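After the structure tokens below, expect a handful of questions from me.
Each chain gets a letter, A, B, C and D, in the order it is written, and its residues are counted from 1.
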Amino acid sequence: MPLSAYLIMSALLFTIGVIGVLIRRNPLIIFMSIELMLNAVNLSFVALSHFLDSADGQMFVFLVLTVAAAEVVVGLALIVSIYRRRHNIDVDEMNIMRG
Amino acid sequence: MFFLSAVILFPLLGGLALLFFPREQVRAIRMTALGLALIELLLVLGLDLAYLQNSVSLFSSSFLHESWRWFPDLGINYSLGMDGISLVLVSLTALLTAICIGASFRIESKVKNYMAFMLLFESGMLGVFLASNLFLFYIFWEVMLIPAYFLLGTWGGERRIYAAFKFVIYTSVGSFLMLVGIIAIGYYHQLAAVAAGGTSCGYTLELSQLLNTSATCHGVLDGTTQLWLLLAFAAAFAVKVPLIPFHSWLPDAYSEAPAPVTALLAGAMSKTGVYGFLRLCIPLFPQAIHTLAPYINVLAVVGILYCAVLALMQTDLKRLLGYSSISHLGVIMLGLFSFTAQGMTGSVLQMVNHGITTAVLFLIAGFLEYRTGTRRLQDYGGLAARIPWLAVMMFIAALSSLGLPGLNSFTGEFLSLLGAFRANVTLGVLGTLVVVPAAWYMLRFFIGLMWGVPATEGAVSANLRKGGIRDLSLGELGVIIPLIILIFYIGVQPAVLTGIIDPSVANTMQVLSSAFVK
Amino acid sequence: MTFDIVSFIVLAVATTATALGVIAFKNAVHSALSLILTLLFLALFYLQLQAMFIAVVQILIYAGAIMVLFLFVVTMLAPDQNESDLKDAIPWQRIVGGLLGLVLVAALSYELFTGAQITGPKAAAGNSLTQAVTAYHGDTQAFGMALFHGFLFPFEVTSLLIIVAILGALVFGRRAN
Amino acid sequence: MTNLSLWVLLLPLLGFIILGLAGRFMPRTAILAVGWGACGLAFLCAAISFFSMLATPAAQRTSDQVVYHWISAGTFSLDFGLLLDPLSMTMLLVVTGVGLLIHIYSAGYMADDPSFWRFFAYLNFFIFAMVMLVIANNFLFLLVGWGLVGLASYLLIGFWYQRRSAVAAAQKAFVINVIGDFGLMLAIFLIFQGAGRLDYAGVLTHTFPAATATAIALLLFVACAAKSAQLPLYMWLPDAMEGPTPVSALIHAATMVTAGVYLVARAYPLFEQSPAALAVVAGIGGATALFAATIALFQLDIKRVLAYSTISQLGYMFMAEGVHNYSAGIFHLVTHAFFKALLFLGAGAVIHALAGEQDMRKMGGLWGRLRVTGLTFLIASLAISGIIPFAGFWSKDEILGSVLAYGNQTGNVWYYILWAIGILTAGMTAFYMFRLFFGIFAGDYRGASVAVNDNTNGDVEEQEAAAAGHHHAGPVRYNSIHDVAPVMSIPLIILAILSVIGGFIGSMALFGLPNWSPLANFLPAAMHNHAAEGSLTLEWISTGLSLLAGVLGIGMAWRLYGKGFAFKQNSNPLYQLVFHKYYVDEILNAVLIIPVLALSRTLSRYLEGDVLDGGSRGISTLFRGTSTFMRRVQTGYMRNYALGILLGVVVIIVYYAVRG
């Protein structure tokens, strides 16, 4: 399969992730959309690594993975603490830092 | 060797040391501040003597010069230099600061900060007069602005915030343009130097490099770049002088600031603007200054007459003195841009005279405001009988300010206007015409306060009914007497000052070569 | 050859569907599950691209560890509350978001189609150690060698990152006393 | 030749410093000792120098003594020096001599004034300034003297600074004098531009191009017109009568106002180089003489009559100088100093005797009571009217004679007209002087009887107020009037003697005596040898006519006011016009003062207030406006921020896509 197919796939996934972030108001869903975007990038990394026949791509996927893990951990902890204080989690409520 | 740095840094360190004093020991703070200022004055007088021993020009080797490398590859080094002109202005600044600190013993709130800012202000001005590297000049230019803002902003009158804000806006816009100019001149100079063969010439801001035509790395800038750079520099100095369209910060700043601060602002700080024109603009951009000089002269003459007419109908004491001060500075600028030896020596001499006379006038206005609490002219009247000594001192200062022949301002004004007349007859005549409105508003100022029938209502009459107004206290008299003596001395014997100034002016101006009329 | 294409298309459609599911489901748990499915399909993609190690890692860590954490949190946080009844403060947000998404896709695909066609393997530039190692067609041993030689430093950094993350979670997790 | 001019300069200065600093605490006798001492010694030094100058041959009579180097800037370098030559010697003698007499007189006149010491300090300062003006050896220090003299007159006019009218008069005098300084400064610039130096020796021998010479001469004349109260700039002198009478006598009659005449005489080589300027000098002199004499005809305040008379006589001096006869001008200056000072001091004695009353309508019949003052006043009146043996006759006729001769020599009809004006003015002078004399001394005493506001005319009230402003207790009873103390009458007598014999220092050629004019010979020949040498018959005609005019004037005055002054209000417009001094003050106010003040007020409100302040305030509101607009971008919704990021990404990608 040509490389561009995989790249289009990754672009598609990425876009879906972005739209998810923009549309949904539940932070968890936003989190998942971000994960989606990360994975889209992973896909393109792997595809390129495969087509360029170099392991660098996969290295990055590995790193992205760890970063994603760290991010999820902290993110979820944050959401839990916010939830404990406010009992409802809606992104639009959290606009104290308004200009 | 590091005499000049000592002169600049002493008040700075003194000011900082002052901050460690306990807040409530107000008397001790005042005394030490005055002591520091007097020691600084002695230091400067020592400098004068050192200079007079071997009266030198700006570039001769034995010229009192210090230079340490700071950013070598940017051509920026901590270099100070002094010649006759900066000597005179440095001495004026040191004297006025000592006197103004002496006159500030009535400031009650936050005395420690006040004194520290005054000393910082002094070191900023001294730095401006002594710096001979553009970068260092800019740093001291800003160091001078900050204490002025705080002095005006915290210890001023009711509208001090507005006045301070406007003051900073005007001055900083000007100085940022100057910064652009400074950066650009280094760059264009390098270009020109390389073009002129000196391939190894680097970016330099060292004044001696830029001005010294015989130096290996000297490039001559072409007309248009000179003009643009000159406009950048002129922006900062025109605001500080002030020239007419940029002067509207001055009346507010001078009337709202406490009297000793206004005396220092009017006496010394306004001279940095004119000094900037003289030391930087004219030597660095000879061709451009020629194309611009007629316009500046016209602005100066308009300023002279416009502010003199405005001063006629001012009701606020300090505002009136502010406008009169702009008018005098107009005469100084007219003399400077006449490019004649008499005009330029006269303008430097007039800088000193104006510094002395305005300082006395503002201090007296401050004493009056302290006694009666009002600055409106209509409230006053007929005080000469009650406060004779203050009336006499004010009369002498008023006479000096209106240019009475025989006192100090006459000598400077006469030379400046003579130079202006020789350069351009119509502007010379219009400039000299200021003598008439000047006499009119100065007399109206003096008569309004001291002669005539005492006012029946208003703050002054209340004081008169309550307990009368005290005459000059010993401290106040001691503060003014040195200046009054100088007013008489320079009036009778100006040769002392012109002897110092004239060779330096001739030296600074040889870059104009043919244009400079002896 | 056709098997590749067919499998690719099937996988592509499936992944897209589940990805849309993630953002479409009202209920957070459903979107979490659909995300897990997306991850699995991606792992298959990786297999198709002969990135064995990455595929396994993907399933093990991503699908396994991270998504479990997700599910745990999602179920804990009042799954029944769905957001549709809440008034959307900035309605225009959705429309603009959608539009921008479409523009993004169009631009990317246009770029991909017209861009240089990268079909065959190309000699990797530079003299990174990984280039010598991939002579073994990208299998796990090569991956290990590359990881611990070329990318040792980033590897250590990530370990530091994870420690920090754990501390962060601890701090936020503490019950406000 | 012993030259004590430096002492003549420094002694009054010393007197001023002592009195200025310590005068307040000194007893009256000590004040007088210092005051009289300083001025007396100065006069003594002047006399010594004068006699030693007489002893030296005419050629070496000038001594130029450099005191110290004053200033140097580029090619401009100047030393302060003193020049003692016959001209400055004459002026020195007049200044210090009359000054001394007035010092003595003031001791009596100002006896009851609380700030007695301040008066003598200012007098000494004035004499120092006048001496500086007269013996400076370069134009710059002439300007310094010019300014200081203006300051002295300001201080002395505004001596009673509590009175609003005195303060206004002082300010007006100073500002108009500064206009003179302005003219002098421009002249000095032109001189330096042309000759490259400012000292008399260098400048007066330098020949300027015609145009510059005329410009310099005219500018110098502007200064003279301001200082000597000639036509365009004379209005400060009548108001200067607000000052104490000795001041009027010294400054506004004898010395300061003659500074202009001295300047023209000093700079005569410049004036000789431009005949046009001389014509202007003569013309303005004549016009002022006539103009001032007409106003003096109807004045009620005795000091204002004398003030206008001074302006008129100064006009005569400038007329003389206009026809190249500078020594005649100086001669009239000297004689005028004697009899005008005497007239003022006499008037002062009258005012002193009537406790401050200055209005003619409340005097009369004082001949019986003030015998000495009356006699000396009569002598002075005769002198000023140009009656035969008295000083005024000789000096005035020399002027009129040379004007007529000059007209005859050049055949220019204008000089005949000028001569006719001279004769007419001589007649008018005689008339108003004797109107004044009879008003004060003849008829019966109108002091107590006349109620203050018996007449309706508004502006007479204004004159009343001005006169009444002078702090006087109210009309004095007739028989309680007594003549002044000897300290005041001795100067009167001395001046009277001088007014009689003063004329004989002038030319006596008229009566066949050999050309025996000590003053003309004493002054440098060049000051009068350009003047026209008219034939003896012409001399006889002009002298005869001027004598006739004088006698006629006295006769008319005798007929109208012989039996005492009766103020008749008549309403014909011409009379009103002259009575109100041609409304000059009102015109000056309307044309110059009010418009300038209005301009200043509007400028400061609109240009300064709205445009400049508004401008800076406008800029700050501009910045505030943009910042509030920018603030709305921070909505607080996280999704908006995400949208922002996406927008950025999309733009970049589209850019690259389009760029291709």
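Keep in mind that, in the parts below, a residue touches a chain if its C-beta (ideal position, glycine included) is under 8 Å from a C-beta of that chain, and two chains touch if they have at least 3 such contacts.
Which protein is which chain? UniProt says A = NADH-quinone oxidoreductase subunit K; B = NADH:ubiquinone oxidoreductase subunit M; C = NADH-quinone oxidoreductase subunit J; D = NADH-quinone oxidoreductase subunit L.
Just so it is clear, the model here is predicted, and its values are computed rather than measured.
Asker: Report which of A-C and C-D is connected by more C-beta pairs in contact.
Answerer: Most contacts of the two pairs: A-C.
Asker: What chain is most central when centres are computed from CA atoms?
Answerer: Taking the mean of C-alpha atoms per chain, the most central one is B.
Asker: How many angstrom between the C-alpha centroids of chain C and chain A?
Answerer: Averaging C-alpha atoms per chain gives centres 7 Å apart.
Asker: Between chain C and chain D, what is the separation of their C-alpha centroids in Å?
Answerer: Their C-alpha centroids are separated by 105 Å.
Asker: Could you give the separation in Å between the centres of chain A and chain B, each centre being the mean of its C-alpha atoms?
Answerer: From the centre of chain A to the centre of chain B is 64 Å.
Asker: How many angstrom lie between the centres of chain B and chain C, each centre taken as the mean Cα position?
Answerer: 70
Asker: So which stretches of chain C touch two or more other chains?
Answerer: Residues 89-90, 93, 96-97, 100-101, 104, 108.
Asker: Please output the residue numbers of chain A that touch at least 2 other chains, ranges allowed.
Answerer: Residues 18, 22, 25, 92 of chain A each touch two or more of the other chains.
Asker: Residues of chain D touching 2+ other chains?
Answerer: 635, 637, 639, 643, 646
Asker: Under the stated touch criterion, can you name all the chain pairs that qualify?
Answerer: A-C, A-D, B-D, C-D
Asker: Mind listing the chain D positions that touch chain C in their complex?
Answerer: 635, 637, 639-640, 643, 646-647, 649-650, 653-654, 656-657, 660
Asker: Could you please specify the touching residues of chain A with respect to chain C in the complex?
Answerer: It is residues 1-9, 11-20, 22-26, 28-29, 31-33, 35-36, 39, 42-43, 46-56, 58-59, 61-63, 65-74, 76-81, 83-85, 88-90, 92 of chain A that touch chain C.
Asker: Residues of chain C touching chain A in their complex?
Answerer: 4-5, 8, 12, 15-16, 19-20, 22-23, 28, 31-32, 35, 38-39, 42, 45-46, 48-51, 53-54, 57-58, 61-62, 65-66, 69-70, 73-74, 76-77, 81, 83, 86, 88-90, 93-94, 96-98, 100-101, 104-105, 108-109, 112-113, 115, 117-122, 124, 128, 130-131, 133-134, 138, 142-143, 146-147, 150-151, 154, 158, 161-162, 164-166, 168-169, 171-173, 175-176
Asker: Using the touch rule from the top, collect the residues of chain B that touch chain D in their complex.
Answerer: 165-166, 169-170, 245, 247-249, 251, 306, 309-314, 340-342, 345-346, 382, 384-385, 399, 402, 404-406, 410-411, 414-415, 417-418, 421-422, 428-429, 432-433, 435-437, 439-440, 443-444, 447, 450-453, 493-495, 498-499, 501-502, 506, 517-518
Asker: Quick check on the complex: what are the chain D residues that touch chain A?
Answerer: 631-639, 642-643, 646
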